[in-house]
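Down below are the structures I want you to see.
First subunit A sits with subunit B, and in the next complex the same chain sits with subunit C.
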Partner chain A sequence: MKQFIFQKSRLKDLISYLISAYPSVYAPVPRGKHFVFDKITDASSAEFGYARTILPPKKYLMPQHEALVDFTLNENLEFKEVISADRQVIVGVRPGDIRAIKLVDDIMMNRNRDRNYIARRENTVIIGIDGIPDEYSYEDSVMDLKVEDGFDLFMTDLGNMILVDVATEEGMKIINSIEHEPATEKYLRLRDNALNSQREMFTARIDTPAKLIPLALEGKWDHPIWEEMGRKCLSCGQCILVCPTCYCFNVTDEMALSMDEGTRTRHWDGCQLADFTLVGHGENFRDNAAARIRHRFHRKFKYHLDVFSEIFCTGCGRCWETCPSGINLVEIANALSSEEVE
Partner chain B sequence: MSKPRIAFFDFASCEGCQLEAINFVEEFLVLLGHVDIVQFREAITEAEWDIDVSFVEGSITREQDIPRLKEIRENSKVVIALGACACTGGVNAIKNTRPLEDVRADVYGDKKDWFPTFPTRPIDQVVKVDGYIYGCPIDRNDFLKNVQLILQGKKTLRHNDPVCVECRLAEIECLLTLGKPCMGPITRGGCGAIDPSYGHPCTGCRGLVDDPNENAAMDVLAEHGLTVEDIRSYMTIFNSFRPEDIQ
Partner chain C sequence: MPAITENSYVPLISTIKTVKDLTPTEKIFEVELPDGKQLDHAPGQFVQLLIPGIGEAPISICSSPTDENFHLTIRRVGDVTTAIHNMREGDKVGIRGSFGNGFPVEEMKGNDVLIIAGGIGLAPLRSVIRYILANRDDYGEFTILHGARTPSDRLFKDELFSWSDSSEINLLETVDHPDDSWSGHSGVITTLFKGLTVDPKNTYALVCGPPVMYRFVILECLGKGIPDKRILLSLERHMKCGLGKCGHCQINGVYTCQDGPVFSFNQIKNLEEAL
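After this line comes the complex of A and B, so read on.
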């Protein structure tokens, strides 16, 4: 990894270069009082002073609705695989979202070989930027704010200057599009200071070291916190839809109006929606909100940790901010770990 | 194979859902290639029985509606409830929240005895219903998708995922996070979150999901500054009907 610095005023030139060099460039842009990642065609549209976007950048690797197969119902049933993957750049990705993409990469590229995901991922350049915590953020409780890989470039805002980590050859090519110079010790120290002052900005914290949460979960299967949260939960599914590490989906076959052709499509889906566990004969094996919330918490803090040695929560705070009832994993984790293990 | 014979009928309603069906002219013409329409008061003058699929709009509000709906059922292989009034009773069921005599006097004054009426009910309280196309009015894409499923002999879409799902996937700003009350979390989706996409709160026109957490929804609405009375009227715009209304 190489470190360089460039003047912040050059950032627009860098983004303009990206827009000229790649078919699609996605960046955070305001939407009302929120932010979303959206395609930009003008460098001035990108705004990096955001805490989080409504959906994570995962949507460019595994879209909310993604055509997988086109089929035709002639005398022979014909299938055509749909793989769409133009070169794309996602710029302004927060450390938590970079870590989330690494986790989903492992699921979709290694543990499974998902051809659509692989095609998109291999055509994606990721340019990260350091985070701005707010009252819903708790990255500091579940991960190292300093991400070491999973990006092509990573920028740290040092006021007038931007320090950039270059992790790939493509990243080097991009940084060569603007004036830059090697980062001296002074700037590396400034980055450490910036990270340290960020760590002090977090107001939400999980009290237990996150990797010890599985211990706190022992004997807590029937803990009253699940029922308490279940009474508040609307089962609206927003928490799992905005989560950067969720990767569950449903698949539907839809016909064109002509009724002689159609498309098989993958749609985001997940465990907090009541119908997710509805199976044949009308049986629903997780038919109440308390059991669903317990399942989600275990997925984020235990099951994946057992199998992949990773916590599947990045502390981005999206589920918390969007929950109509204010349900959040920090409160649950702290309630579980505040008592002695039975 | 002959084309499926379909028909449209209406009871207490504005007939807006049938109008919406005719309104998508281009798609409707393609659809006409797959079916024969044998009764449709809003669009054709012929009237034949022996129906494969009947789409029934409107709620049941009068004694004389019952034999007519039963006749439709007996002459149809499949009966589909079309729109909010047929599916849940819709806005017509608001009258169930007040004494019937008062409602009749409000509407017809001293002529109220000329127009007998009883508590409003969705059509599935009178006959067996095979599928539902929700909404006030129905959503055209949802209507077409469901018609395709019905023609394939499949069930209509459950739409048990709430409006929030489509709203969030489209990255529409959550109205609740902006401090506005919204019924999206407990209302059936399938509308493409059309109201929130224009900044207007969901009022629950597609009916509540199968197992709605109404207490939590009321808590959330109360947090957004609604009084108990506001919440009650908000939640009853489209969802007044309770089975005990007709017992």
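After this line comes the complex of A and C, so read on.
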């Protein structure tokens, strides 16, 4: 990996270059009180002073609604794979979201390879930027804030200058579009200082080292925290829809008005919705909110950890901020681990 | 592993060869894959059945790989199953799969086999019953315990009749609610265990039925001394992909579509939510 620095005022030029060179450039833009990733056609629309976007950039790799197969129903019944993936750049991706993309990559690209996801992923350039924690952020409790891969470029804001890590050839090509110079030791030290002062900014913390949460979960299947949270939960599913590491889905057949053709479409779906595990004859294998919250927590902090040695939570705080009942995984994790101390 | 189409979501356009009524709510469909393709499934596996324009549902394969084409026994309960109930010979459906692990028929060789089938649970087990009958010399004592709600709910009545007549199988049947046509045993399926002789050292118990049945049947099997790892249970879950991704079939950390649907009791006794 190579490091360079460039003047912050050049960032606009870099984004203008991206807009001219790629069919689609996505960046954080303000929307009401929040930020969202959206397509930009003007470099000045992108704003990087945000804590989190409503939805993670996952939506450009695995869209909310995605055509998988087109079919025709006339006498020639026919199914045709749909794969559409244009070159795209996502700029301004936080370290947690970069890590989340790596986790979902592993699921979609390494076992029962998903051709639609792979096509989008291989056509995607990722330009990261260091994070700005707020009261809902807890990345520091679940991951290393310094991401080493999963991006083409990664920018760290050092005031007037931006330090950039270049991880790929394509990233090098992009950085060559603006004036830059090799980063000296001084700037690398400044980056370390910036990361250290960022670590001080987190107010939400999981008390246990996150990789030890599976141990804290032993014997806690019937812990009162699940019922307590279950009583608050509205089963609205917002938490799973905003989660950067959730990838569960539904597949439906959608007919055109003509009724002689249609599309098999994949939609985001998730385990917090009440009918997620409902089968035809009426049995629902997780029929209450407490069991569903317990499942979500285990999925983030145990099941995937057992198989992939990875925590499937990046501490982005989206589920917490969006939950109408204020349910959050930090409170659950701390309730589970505090028992040991008592 | 399923590899019959290059894209995992594109089904093979297949033809319904025959349709037969089994009960007022269940039919059996013989399905032929295109271009002479063979499903080459293992007994106990399932396919994703697609009715174009309606949707997809996971359906157990009820025939043995030793049979010609393959068979699906389908109860009419939802959109997809109602749609196929309205289809006729020659109509086209989509097939993806086969998926899942199936029963370990190789490992079971040389052992006694005890089948415990409740209601439509007989359908997936029929695949292994027919497989064992086609390879009868490879297996020891072969016993089937079969329970249905009422005599008219019994699936595969002709086959049940021939199995009851056969010296190769010991078939014991019961119904929950007998009527005038029924002179056999009545009561829940666990009542068939009374007086049953099992050699626990070399018996595999294969179980499929409604969710409520499993706990009680497992206790009976354990009571006969059959070890955890030779009590094999086929589980039902909602499924959308069959590829271990969509999440619907997850039991704790396990994906039923890939790691199951057949689990030994040993594998799932500590898996909360499995039973």
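Methods note: the second predicted complex is superposed on the first by the 340 of 342 C-alpha atoms of A that agree within 3 Å, B and C clash if a C-alpha of one lies under 4 Å from a C-alpha of the other, contacts with A are read in each partner's own complex, and residues count from 1 in each chain.
FYI, a contact is a pair of C-beta atoms (placed from the backbone, for glycine too) under 8 Å apart; a residue touches a chain by one contact, two chains touch by 3 or more.
Source: prediction; values computed, not measured.
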Subunit B versus subunit C as contact partner of A:1, first or second or both or neither: neither
Touched partner set for A:79, first subunit B, second subunit C, both or neither: second
Which superposed partner A:231 touches (first subunit B, second subunit C, both, neither): first
Touching partner for A:286 - first (subunit B), second (subunit C), both, neither: second
First (subunit B), second (subunit C), both or neither touched by A:255: both
Touching partner for A:241 - first (subunit B), second (subunit C), both, neither: first
If touched residues of subunit A are counted for subunit B and for subunit C, the larger one: C
Partner chain in contact with A:201 - subunit B first, subunit C second, else both or neither: neither
Doubly contacted subunit A residues - partners subunit C and subunit B: 255, 259, 278
Residue ranges of subunit A in contact with subunit C within the complex: 68-69, 71, 73, 77-81, 107-108, 111-112, 114-115, 221, 247-253, 255, 259, 262, 264, 269-271, 276-281, 283, 285-286, 291, 295, 298-299, 302-304, 306-307
Subunit B residues touching subunit A - in the complex, by the definition given at the top: 27, 30-31, 34, 144-145, 148, 151-152, 158, 160-162, 164-165, 168-169, 171, 173-174, 176-178, 184-186, 209-211, 213, 215-217, 219-220
In the complex with subunit B, residue positions of subunit A that touch it: 31-34, 36, 54-55, 64-65, 231-238, 241-242, 254-255, 257-259, 268, 273-275, 278, 287, 289, 321-322, 324-325
Complex contacts: residues of subunit C adjacent to subunit A: 7-11, 13, 50, 52-57, 75, 77-78, 81, 92, 94, 210-211, 236-238, 240-241, 243-248, 250-253, 272-273
